[in-house]
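Take a look at the structures listed below.
The two complexes that follow have subunit A in common; it is paired with subunit B in the first and with subunit C in the second.
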Partner chain A sequence: MNNVQPKPFVIAEAGKCIGCKACELACFAVHNDDNGVGAVVGTVTVPVIPRLHVIRTESFTLPVQCRQCENAPCAEACPVQAIRQEEGVIVIHAESCIGCKGCAMACPFGAISLYKAYSNGKVVPQIQLKDQQHTPLERMAKVIAYKCDLCRTRDYEGGAAGNVPACVEVCPVEALSLVHPDTRLSRSRTAAAMRL
Partner chain B sequence: MSYDPIIHIDEQLCTGCRRCAAVCPVDAIIGEPGHPQTIDAHRCVVCGQCVQICTAYAADNESTLASRAVKLQERGQLPNVHEPLFAAYSSGDIQKVKAVLADPKRFKVVQCAPAIRVSLAEEFGLPFGTLTPGKMAAALRRLKFDRIYDTNFAADVTIMEEGSELIGRVMSGERLPMFTSCCPAWVKHAETAAPELLNHLSSCKSPMQMGGALFKTYGAELDGIAPADIFSVAVMPCTCKKFECSREEMNVEGCREVDLVITTRELASLIKDQGIDFIHLPEEPFDSPLGKYSGAGSIFGVTGGVMEAAIRTGYELITHEQIPNLQLDFVRGEEGIRTAEVQIGDLELKVAVVAGLKYVDAVLAKVGEGTCPYHFIEVMACPEGCVSGGGQPKLLLETQRKCAYQARKSAVYRHDSHQKVRKSHENPDIIKLYKDFLGEPLGDTSHHLLHTKFVDRSVKEEMS
Partner chain C sequence: MGNKVLTVCPYCGSGCQMNLLVEEGRIVGAEPADGRTNEGNLCLKGHYGWDFLNDPQILTARIRKPMIRKAGTLAEVSWEEAIQYTAEKLTVIKEKYGPDAIMGTGSARGPGNEANYVMQKFMRAVIGTNNVDHCARVCHGPSVAGLTYSLGDGAMSNSIPEIEDTDLLFIFGYNAAVTHPIVARRIVSAKQKGATIIVTDPRKTESARIADTWLPLKGGTNMALVNAFGHVLIAEELYDKQYVEKYVEGFAEYKASVQKYTPEYAESITGVQAAEIRKVMRQYATANKAMILYGMGVCQFAQAVDVVKGLASLALLTGNLGRPGVGIGPVRGQNNVQGSCDMGALPNVYPGYQPITDDKIRKKFEKAWGVALPRKVGFRITEIPHLVLKENKVKAYYIFGEDPVQSDPNASEVRETLDKLEFVIVQDIFMNKTALHADVILPATSWGEHDGVYSSADRGFQRIRKAIEPPGEVKPDWQIISELATAMGYPMSYRNTEEIWDEMRGLSPAFAGASYRKMEEQGSVQWPCPSEDHPGTPYLYKGNRFTTSSGKGQLFACEWRAPLEQPDQEYPLSLSTVREVGHYSVRTMTGNCRALSQLSDEPGFIQISPADGSSLGIEDGQLVNVVSRRGRVLARAQISNRIKTGATYMTYHFWIGACNELTGDYLDPVSKTPEYKYCAIRIEKIADQLRAEQQVQQEYEALRHQMHVEASPV
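Let's turn to the complex of A and B:
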């Protein structure tokens, strides 16, 4: 099969980004129904865990997130097959993730981060592993890898019914866009041809 | 004089995106893009729109930041608050309120603005615009307030006073147009930007201050309590109400009319702190008589509401006839300026409603020139009135703002339409208040307790 359908992904333009972090906040907001996160800040009881990160340098700010690689190195690096492709999106299965950090190290974009796992607004504890430093011994929190899933299962009030990821939708300066490589490529070809 | 400017930008958190500057109606936010911003406290009207728009939150893993506990303390928030902290914030007073509530020697009185009961439930995960006056009253009772009074009652008083003042000024043609004076951010702006026009403002205090003055006089008498023993708290959708209650002239018999103002968000944090299960609270009534209100009092929370309430009463006071339609759609609407002509007997009353302080400067310029054609102008600093105030529940997604405000507004109007009494002058407890205590609108007692003077703030003072 030579006819490949490249996966869509979200990408940002550094020249436009103003560094407001609205994308990070929106990302967190739409991924945490299970943790009781509603429409307003007051419903938040867990740390803000975004799946994209606005980086700041001297000269620019820019959100960085998953490119939904065709040959996803994160999936190659995962020893427990917790990273799979589903409906054109590279997805990390939180239940299977062992927090080995292999995917985060393999990702050339730094798009994968490890944070504590939360469920019902509480840290998910490990069953066996305990922290020796505390007496009585405390169960360690489960830590898992997080990354952009293109809001594939999100349908939120006021949202565009899952057509556009939340980060793209809330960006006040349209610095983020959902790219469909097919259309983008053919558009670039046409534009290039016009310049000839 | 030095005072807390109330609105702050945390320079450790500000990314310099300047979205706050885009919503600031008075250009009070200063700074270069990409660098932390500062607030010009002289221009700032304390409306808190910057607090609402700010998305620059403190990430958990930024080690350069001061600890969360330190920031919560600095901000006057309760130590067990879990929500994220943002660069733009307003000073909190909830720790002080919590301490007073634990003091059995004080007689604690509380009032809530009309816009609290349509938004408080959002803090507990309920849908936008869920209407919970009864649960709100129940929560306040469980927080150990001795009297659950209401700003809506005071809004009915405001209509009696302001309506009478308007009729007098229209009849005499004196100092027209008359501006409403219930929005403290608008009042501060007028004092700063157009002190020469201050005599156009209604001399009425805001409903919150009228309520505060009545609780420590009429209310104190009813309960047989010395005014000095009463501690009066107001829950407001507004950050500027904190400024208003601290104004020097807002005192009665040597006591502050309102001792502390907390926002909708601060009240929610205290309810959570006390482990009160808000969602499952029963519906309880407000306390009589200073907690009984008409539908007119309840619509103060939306843009056009004061105007609509004033017309409902003004029409009947002038014509001595029933107003044909209680729902005045021509003053309802959104951000911007709306105008209408209302036929009241022989009088064609020209009115304007300004929603969003950035629209008022053009109106002020016309008033200054003497070419402003209106009799009565309502001004609210926030884009859709108090439902969109700076102390209201803060949205996580900007894309939901329209639908949140729409739902809160519908809830306000729904609440009004469900009231048996929908005109301030027909509220039996208002009739009784005037009969037993105030005498008549604009009378001596009213003048002493319910009206005020404004201050020229055009000269920049040193702030601390």
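Let's turn to the complex of A and C:
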């Protein structure tokens, strides 16, 4: 590739968002298939951990999530290279993450949150670190960084499961969209040319 | 793989069609269908709100067998015993005190129209009373009364899809983003298409946020503002003189009534600037198509019917009726509250809004049902505490798919009422706070487990369908009521809901042509639909023919009255009860959905302005005590700069932070709807937050235990 092709990302329009949080739940469901979410058998024992967050201020309501930055400051901040760009998506590798919080501090969008790690509906315990508050000492839960991965485990790009990430698909007011900067830019250029 | 069952969402009156995905007899997911109102969209409750059917026992447990209170405790019994016992008790009470000592409710939620038809038939034909009413009384009861007076029909004059094609949306006391996200979608579309949006609301709701003009009035001053709107229309000659002359009555009286409500006078009461009042009325009057939408911010005051009539008068004065994209829309809250009204679960009308006081109509029903029918208008549910505690007139209460202890004002008085009654029947799907006071519990099938018809907020009949087999020994509501009728000597039996529906439409001219087949073909049939070849009616009053007795629209205005309980030194803040988007009604359904309950759970919230928060020393997220003259509850503070100083808001879904322990039972004089939107409270800071958090956990555990939950919390 000669030049950089800007990577797609999901963004919301405050003028449309009604703050219903359908996106948060859709995000949670799609990332927790192996934790029993959306399935009938087996109780969901994990908390709702969305990777985008609906923010309400006096004048705004909209979900905030990762911009898949080209020069991802989160990856720069990660001391163990757990954050990488894969097929245009900035991905955190949970198994490598040490929970140092550097990425969350570095992100100017607040798009990274730290929560306990879950697998098969159970908290993932640490191998050694124990909690001094408890007697006998209990192994502490592993804490990892979570962020939007554009539902890359979902077969969305032209796939059978739908064309867009779950949050975009579920939004009842079409406030969310998957933006392809290239297409958007060329459309803007065409529109500008027409106005000339 | 599994199959898909097309049905209608059981949350809110938007009437969204959806497919339930069923695998091995269990629901595994939901996806939106292309319904008339939702066009392939669902909100979070539609997507994730089916989980309660799996009975995860988060808040309450599903009732699986009939129960009778024996020696103080509820014991499971056979259906035969439950029906026989209930029939005998009702018969004894009827003989001893007369039929009017028995009260029954309809259910605006899961059961559907057929069950409501059978219930009101049971009360009228078997018990012999018109004492049947339901939660529309605590909700859009003022709309039914007010709009019937002003225009003729107590329902939305327009359709949900029309919202996005109007030129001006005038939203009054209606927070669509929270109560009807799929209606909010139309408001957003209207804005995108260039409509002017005007919002009247004390809070900065999402609609207010995107509005061109937001009128932040002081709570409890609606009538003053609506009168000022009328004043401007007349004083500035903005009203449609020709239209008023031809189609409207009562102009002279109206003009005299609004005379003194100059915008400046209204500003002194409402806090809305006089210039803004003038500006929005100029916009409203000059728009080609202007539509009013309103909600509980109009109806849940002791002066509610007057305001409904006042809003209808604005539409009449400007000729904004009888065309597409105009009119007035009371957007009904519960999924089938329009339907339970349609079916005559009201004390003054038979199905199809036919008055029980009309001899000709009563004779028609007497002939069809084969019995003499009572002539006296029945009691309303909000009058029951007084009738039981003070007047000693009601002895038995058949509560069908409602939870008045959680949903009605002044909960402690409701509990006292239930305990004083000789006989209380609760027919429901989940254990709830009301069931704790029951003498008999009759377990029913849920949405998803039975067939039927719901009416959407915009008069649209739509089919709901059975997707899975019900658990335990539960039965469809209409079947339970029919068995009870038969045991009381009035044989009632139906093979299916279609047979009930056909009996109903045979007696209701406005619904006569809305057959199951037509619903199947069209997806939705909006009433009136008078004949088999009629497609239904998207908007009412075509040709400006109103269904009032004179055929003309009726103008109305009257003096503003302040809410009855004002803040004072002891209780310095006002409290209004509201909704939140992820939960529904008394929360037996959404509180038992894993994803939804995790998003927002007990003890619930109290929204406080930053100024009040800081003067009380309370931080966002802290637990506080909320106290009124009637009760005290724990709730979590939510500091929000969308709230006015001096005002607070609590959602009525939560059981620990139950705002109806606090609310007062002042009623609108006409519709008897309670003043949920205004009472006086104080907030007490809690020093020991850790202990308060533990108290919430203990109360939650105790509640779950009371609700027959056996498993440990998830």
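Operating definition for what follows: the second predicted complex is superposed on the first by the 182 of 196 C-alpha atoms of A that agree within 3 Å, B and C clash if a C-alpha of one lies under 4 Å from a C-alpha of the other, contacts with A are read in each partner's own complex, and residues count from 1 in each chain.
Throughout what follows, contacts are C-beta pairs under 8 Å (C-beta built on N, C-alpha and C of every residue); 3 or more make two chains touch, one makes a residue touch a chain.
This one's a predicted model, so the numbers in the text were calculated from it and none came from an experiment.
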| item | value |
| --- | --- |
| First, second, both or neither for A:47, with subunit B first and subunit C second | both |
| Touched partner set for A:166, first subunit B, second subunit C, both or neither | first |
| Contacts of A:57 with subunit B and subunit C, given as first, second, both or neither | second |
| Which superposed partner A:29 touches (first subunit B, second subunit C, both, neither) | both |
| Touching partner for A:19 - first (subunit B), second (subunit C), both, neither | both |
| Subunit A positions touched by subunit B in one structure and by subunit C in the second | 18-22, 24-26, 28-29, 37-41, 43-45, 47-48, 56, 61, 170, 172 |
| Sites on subunit B touched by subunit A in the complex | 15-19, 33-34, 55-57, 59-60, 82-84, 86, 122-128, 265, 268-269, 393-400, 402-404 |
| Subunit A to subunit C touching residues, read off their complex | 15-22, 24-26, 28-29, 37-41, 43-45, 47-48, 56-61, 170, 172-173, 175 |
| Contact footprint of subunit A on subunit C as seen in their complex | 23, 26-29, 41-44, 47-48, 54, 56, 176-177, 181-182, 184-185, 188, 191-192, 204, 206, 209-210, 581-582, 594-596, 598-599, 640-642, 714 |
| Touching residues on subunit A, where the partner in the complex is subunit B | 18-22, 24-26, 28-30, 36-49, 54, 56, 61, 156-159, 166, 169-170, 172 |
